[in-house]
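Pasting the structures in now, so scroll down.
Two complexes, one shared chain (subunit A), two partners (subunit B, subunit C).
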Partner chain A sequence: MKKSNDVIIRSVTKVAVVIILTFAINLFISGHHQPGGGFIGGLAFASALILLFLAFDIETVRNHIPLDFKVVAAVGVLISVLTGVGAMLLDHPFLFQAFGYFKLPIFGKTELATAVLFDIGVALAVIGTSITIIMTIGDDR
Partner chain B sequence: MNNFVILPIIIPIIAGMVMVIFRKRIIFHRYLSVCSIIAVGIVTLLLILQIDQEGVQTLQLGGWEAPFGVSMVADMFAALLILTTCVVALCCLLYAFRSIGQERENFYFYPLFMFLITGVIGSFMTGDIFNLFVCFEVMLVSSYVLISLGGTGNQLRESIKYILVNIISSFLFLVAIAFLYAMTGTLNFAHLSIRVAEAGQDGLMTVVAILFLIVFSLKAGLFLFFWLPGSYSAPPTAIAAIFAALLTKVGIYAIIRVFTLVFYHEPEVTHLLIGILAGFTMILGAVGAVAYWDIKKIITYNVIVGVGFILAGAASLTAEGLTGSLYYLIHDMVVKALIFLLGGTVIHLTGTSRLKDFSGLIRLYPGLGWMFFIAALSLSGIPPFSGFLGKIFITRGTFEAGFIWLGIIGLLTSLMVLYSIMKIFINGFWGTDTSEENEKRTTKGLLLPLGILTMLTITLGLGAEGIHHYVDLAVEGLINPGNYIEAVFGTRSVH
Partner chain C sequence: MIQTILIYSLVFLSFAIFATIYRLIKGPTAPDRVQALDALGINLLSGVAIFSVLVRSTGFFEVILLIGILSFIGTIAFARYIERGVVIERKQSD
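Here is the complex of A and B:
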């Protein structure tokens, strides 16, 4: 098979993936008060991985990220559900969230909320599911 | 606030996710699935006792008060159905251990089963119509995978039809929800009930109600059942049994819930329509059941007759009719699972589903034969088995509501059901033994779940008095939507 000429897309990808991942994390963090959150952050994160699949091939990426994305999705859902269960143990309604303000070294006064834990679960579930779908469609085995 | 309410939903989903993580440990999957179903059953039992003493139990997720947050509501009607779901699911699981095969087990059979149960229980429990849509989808997505799992040609052909029909009905469901939200500005069942009662159910609202009826009819197999016989005869026995026992029942539950809690102001239009559709469903289902000479077809058409019969009781909108519907709903879940598992066992033993190809099974498998006989009697509502009481109440309810024709159709189709199922018994179990050249195949492990379900249908028939108190409470809740609304909103007045 002739080797395809993909220098440009590979070079762009190497830079773009870093930017997209940063943006994804930004979306995720801002989600608590502004538009964003676990779902859209997870999708942006997955899009970076999909760009890697396009520029390189699935095998290469899979060798460098040796994760079973189905398990990632399951872990994500478990994290989300268990944060809800955590509230139940403290005699609050399921999915109740607590938050507080803390003085952190670099960030100064920061709001920390348990909803972020829930959102991490959502993000993992979205990443896991979307990558599993793409891999299943992309694989011809 | 009662956190118990959410447990029946999150126990199976946590179990399913843990199984996905430890994918290769099949033995662990089996133990975990059985344990979690039993746990859900115990929680539901406790919940039923609580509802009995303290009234309808609710949970506002995350502490967001209704109608702004998502409410979970466990009334007696939902709780009884969840308990039955657990028993049926447990028996189908036990049957699946012996019959489903290692290949399907390796491809997430048990996690999918758990997600299906999550969706079913979620649909019973939710107090919010959009959440009902979400739980429907959880259930349907799992059922899409379960119906095509294994990938035989027949399964793939039927699953395409099944998925198309359900996607279209889900789309209509969403459209109907959008209309309803535009007109009332709320999606919470209790709040919807208040607002529809205040604004009156005018012509436009009735149209939306009928749109909902179409959607749920597609899911329940009420008149729009063209997809059902094919889809339910494609997957392996354990999966077909859980589909027959649970999936159409969720559609029926949705019809009963929506048309007793929200759209109960124009029964001359909506409930008459339900009655007419139920009548047609019973007749067409019974004709199908009588006409076929194939076990799978006969029992799937019996599912359709059952759907029509339950909704005939709901159409009457009387206490008698609804009592009958609830009795019959519980009976139908148990006995449909039983008859599907029995039918599947017969096919497993003889290797064919055509009735004319075998006979004399009762000589080799007396236990199976007698269980089939009991299931057949129970299915057609012969006393003392569990179908009898439901039939009486439904018939009385339809007479009381003036739908005499509907009651008569119900009784006539019962005879046809009896004929269709006795046809299997007489042709398959009586007669000369044709399987002499084959050695006796093993039924080890398959008979236990069948035995449990058979015992249950006998107990439900003889001990109907014992659960009468709970059924009465459930029906009272359906007749007076006030209890439900008060439980969701507490003493606050909401407009």
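Here is the complex of A and C:
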């Protein structure tokens, strides 16, 4: 087997992963009023991680990102359920959401909603599940 | 005037998409199919871009970026499979 030459793909990946991660966070943040949200933000984040796994190898990425993605998925589902149940503790229906307008230092008048917490849980669940599926298929151990 | 040009370019782009779908189904070897898939993604992306100019909306920019990213990653995965026989490597190969 000839020696592999990965200079171009690795150089492109180091730049492109930053762009894809920024775009994923933008999709996640803009999900309240515009197209986007937790699910598609998590999928874009997972595609950036898959690009890392493709360009480098499993050992290198696991040494630098020491996360068990099954635990990430479980924590995401737990966060989503807890934000739903937390509304019931305050005598509101399940999955009730509240929002308000606050004055922040840099952004000015900003709308903050509790649906973002639920979306964080959804995004973590999607990232954990998709990376676990890809690793289970791709890892021949 | 510009509307007519945009609609004609959409029609020709859909012709190009049908041609690449023919190559995707008929293509005798695997590299033909991979190249057809990449060209299909690029044609779809430019079709969405022209459509967003036609309806004068900025709501399709996320779609354009997502199709570009997914087409890029898919092409890299197929190319690695053809070249190495394995998509995700286990250890550092060199």
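Observations
The rule is short, and it goes like this: the second predicted complex is superposed on the first by the 138 of 141 C-alpha atoms of A that agree within 3 Å, B and C clash if a C-alpha of one lies under 4 Å from a C-alpha of the other, contacts with A are read in each partner's own complex, and residues count from 1 in each chain.
Going forward, a residue touches a chain if its C-beta (ideal position, glycine included) is under 8 Å from a C-beta of that chain, and two chains touch if they have at least 3 such contacts.
Since this is a predicted model, take the numbers as computed values, not measurements.
Superposition of the two structures on subunit A shows subunit C fitting alongside subunit B with no clash.
Of the two partner chains placed by superposition, only subunit B is touched by A:G84; subunit C is not. Once the two complexes are laid over each other on the shared chain, residue contacts for A:A74 go to subunit B alone; subunit C is not touched.
By the touch criterion defined above, A:H33 lies against neither subunit B nor subunit C after alignment on the C-alpha atoms of chain A. In the superposition on chain A, contact of A:H64 is made with neither subunit B nor subunit C. Seen from the CA centre of subunit A, the centres of subunit B and subunit C span an angle of about 100°, rounded to a multiple of 10. When the two structures are aligned on the shared chain, A:H92 is found in touch with subunit B, with no touch to subunit C. In the superposition on chain A, A:K109 makes contact with neither subunit B nor subunit C. Comparing subunit C and subunit B on the residues of subunit A they touch gives the larger count to C. Contact with subunit C, but none with subunit B, is seen for A:L54 once the two complexes are overlaid on the shared chain. For the pair subunit B and subunit C, the minimum alpha-carbon spacing after aligning on chain A is 23 Å. Those residues of subunit A that touch subunit C in the shared complex are 3-4, 9, 16, 20, 23, 27, 34-36, 40, 44, 47, 50-51, 53-55, 57-60, 134, 138-141.
The touching residues of subunit C, when paired with subunit A in their complex, are 59, 62, 65-66, 69-70, 72-73, 76-77, 80, 84, 87-94.
Contacts from subunit B toward subunit A in the complex involve residues 1, 3, 6, 10, 13-14, 17-18, 20-21, 23, 59-63. In the complex of the two chains, the subunit A residues touching subunit B come out as 70-71, 73-75, 77-78, 81-82, 84-85, 87-88, 91-97.
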